[in-house]
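Read from first to last, the chains carry the letters A, B, C, D, E and F; within each, the first residue is number 1.
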Amino acid sequence: MSTQRTRSVLVVCRSAPYGRSRARDAIDLAMAFAAFEQPVTLLFLGEGVFTLAGGQQPPAGTRHLGKLLGTLADYGVGQVFADAAALAERGLAVRELALAAEPAHDDTLRELFATHDRVITV
Amino acid sequence: MIFALLVHDAPVGRHSSQAAYRFASELLAGGHTLFRVFFFGDGVHHSTRLNLTPGNETDLPQRWSRLAAEHGVDLVSCVGSALRRGIVDEAQARQHALEAVSLRDGFELSGLGQLVEASIRCDRLVVFGG
Amino acid sequence: MTLHILFESPFAGHALEECRRVAGAGDALLLAGDGVYALADTAADALHALRADGIALFALAEDCAARGIASAEVPGLGAVDYGGFVELTLAHERSVSWF
Amino acid sequence: MTLHILFESPFAGHALEECRRVAGAGDALLLAGDGVYALADTAADALHALRADGIALFALAEDCAARGIASAEVPGLGAVDYGGFVELTLAHERSVSWF
Amino acid sequence: MSTQRTRSVLVVCRSAPYGRSRARDAIDLAMAFAAFEQPVTLLFLGEGVFTLAGGQQPPAGTRHLGKLLGTLADYGVGQVFADAAALAERGLAVRELALAAEPAHDDTLRELFATHDRVITV
Amino acid sequence: MIFALLVHDAPVGRHSSQAAYRFASELLAGGHTLFRVFFFGDGVHHSTRLNLTPGNETDLPQRWSRLAAEHGVDLVSCVGSALRRGIVDEAQARQHALEAVSLRDGFELSGLGQLVEASIRCDRLVVFGG
């Protein structure tokens, strides 16, 4: 088992983008796993869905996470999901997000957590 | 079984960091292998050699360093997280003309690829944070 | 009179709830950092209740902008910069930070 | 099957709620650190619901003892030490940490 | 105003005792202000009330906060209050606490926050 | 008016620490006095001199140090918090035979009495954390 070359990874971002650096850490982790050709799924869960909000204009000296999300596909991060219930609770409409993330309802969430080799929460 | 750990938080004042160390000790005592511990974000503060811990408290940087020496565990602090937080090794200190080295023996600075490799090589990856 | 400064998202923790329980008429509340998420959707109900209780509402404009949060959606909310933040601390006897 | 490890008090944040939404029958939940406050009073309702959904429940005994929390109050809960924690990670394909 | 010798201080502990060191920080702050003869009130609010729980048995290497509370009076920390609603929500009975803190309902809380010169949240 | 600040959190990855610096700059620009900033708990990481910040990010330890030099602000890190976290001054490094000093110029290590004094001497005490 230890000689296997790839492990699928679910990276779970549970933090809003600018209060702490955890959302950025989650994106960096997803990109790193993708860069080393591991199958990566990135999930924004709960408070993490704020990271997907459109119209972000962070001040100078702060990395623009909304824009960074746009580069995920270039790094090969295949699938990006957003917690549908959390989006609704926060008044975020899917069409207004900074990235076309796939809304995940609870059955999809359960499947994501049950089907990846590794789950890394940030 | 082969384990790898990911540690998100600082050694001082965080229960999860105590838990990570206890978990590591116990799996080694059980005859398992700890391939690598990857310290990320505030977790890199584990790799300072300049901390002074009161005698009645647990000195996690020192404990990890000893554990690594005894059991051949790789202790890697994320270089991107570390440099921002004042954790520098000799090479970095020289390159940036800093007057001191803060990285503790037994730890090394490296990139996220080390975490990816650990994820591929291990049977179980356990995350500690909060 | 007290200036309350909220740094935490009301979707993440209980700081805003606790602030509501201890704030009184004549106090002010400044939303800063993730505290500006109190302006998002259903969380804004708590702000309306605070305003009805006589608490003046402010938000740091740059923290709203960073997060893509529209500060104009809550009537009576004052958008301030850091100079305004300093003025608010001067205009109140004490400040309480919630994080 | 997945081992969920909860490090956060359910009175402080939403980790336990999110864990509940994604956990399935056959999974296990280990309460560690402030996660053992899930055993306190009304929070334990969530544990009963998890158990009814087929999720096995465990708690780190020393974290319960540190906080003065009685682990015996939730029937079916397994009290473990760190050796037991290691065994739980071996018995499940993956672990998910909630903090 | 700046030449005044004392300022009353309300120290507000909002964290449980062992997950992070904030509860201990709050107690240390209250003791320090008292040691320098400032009138200090210590309030355990919300999650902070867990710091008052009776029967704490922390492992070696961890400071016993339940016992530390017992020394507050020696340091001259006059008044200790506990958020009554938070105690009830967590199933903590006042008579079982590690320290005889005074339960504070919302009117008392409002008064505490309005009558101290400084409020330090931890 | 005379201000004092209490900073609870680390400089890296915490919005409240950016806010504390911005607040301090603005009050000084407004002609007010900043008597002292007290760094407590993880806040003492502000006083490292070994951090290397990427050019497009804000280097808070350096900024505070400059602000203090320009405006005569006292920057005090809680000594109890600092030693546990690897922040040591020359005296401590000598006393404990550490090979390096990590405290940045412009900062000093001292006890909680410095926060109490600041509370007495200032008109407004503002806390930053989270």
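By definition in this document, a contact is a pair of C-beta atoms (placed from the backbone, for glycine too) under 8 Å apart; a residue touches a chain by one contact, two chains touch by 3 or more.
Being a predicted model, the structure only gives us computed values, none of them experimental.
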Set of chains adjacent to subunit D and to subunit F: A, B, C, E
Farthest-lying chain, centroid of Cα atoms versus that of subunit B: C
Per Cα centroids, the chain farthest from subunit D: F
Interface residue overlap between copies subunit B and subunit F, same or different (over half shared): same
Gap in Å, rounded to a whole number, between the CA centres of subunit D and subunit A: 25
Distance between chain centroids, defined by C-alpha means - subunit D, subunit E (Å): 28
Touching two or more other chains - residue numbers and ranges from subunit A: 18-19, 21-22, 46-47, 62, 118, 121
Residues of subunit F touching at least two other chains: 8, 12-13, 15, 41, 57, 125, 127, 129-130
In subunit C, residues with contacts to at least two other chains: 7-8, 11-12, 14, 33-34, 63, 94-99
Touching pairs - complete list by chain label: A-B, A-C, A-D, A-F, B-D, B-E, B-F, C-D, C-E, C-F, D-E, E-F
Subunit E residues touching subunit D - in the complex, by the definition given at the top: 16-19, 46-47, 50, 53-59, 62, 66, 89-92, 98
Of all residues in subunit B, those that touch subunit A in their complex: 2, 6, 8, 40-41, 80, 111-113, 115-117, 119-123, 125, 127, 129
Residue ranges of subunit F touching subunit B (in the complex, touch as defined): 10, 12-13, 41-42, 45, 48-54, 57, 61, 83-88, 92-93, 96, 98-102
Touching residues on subunit D, where the partner in the complex is subunit B: 5, 7-8, 32-34, 63, 82-83, 85-86, 89-90, 94-99
Complex contacts: residues of subunit A adjacent to subunit F: 18-22, 24, 61-63
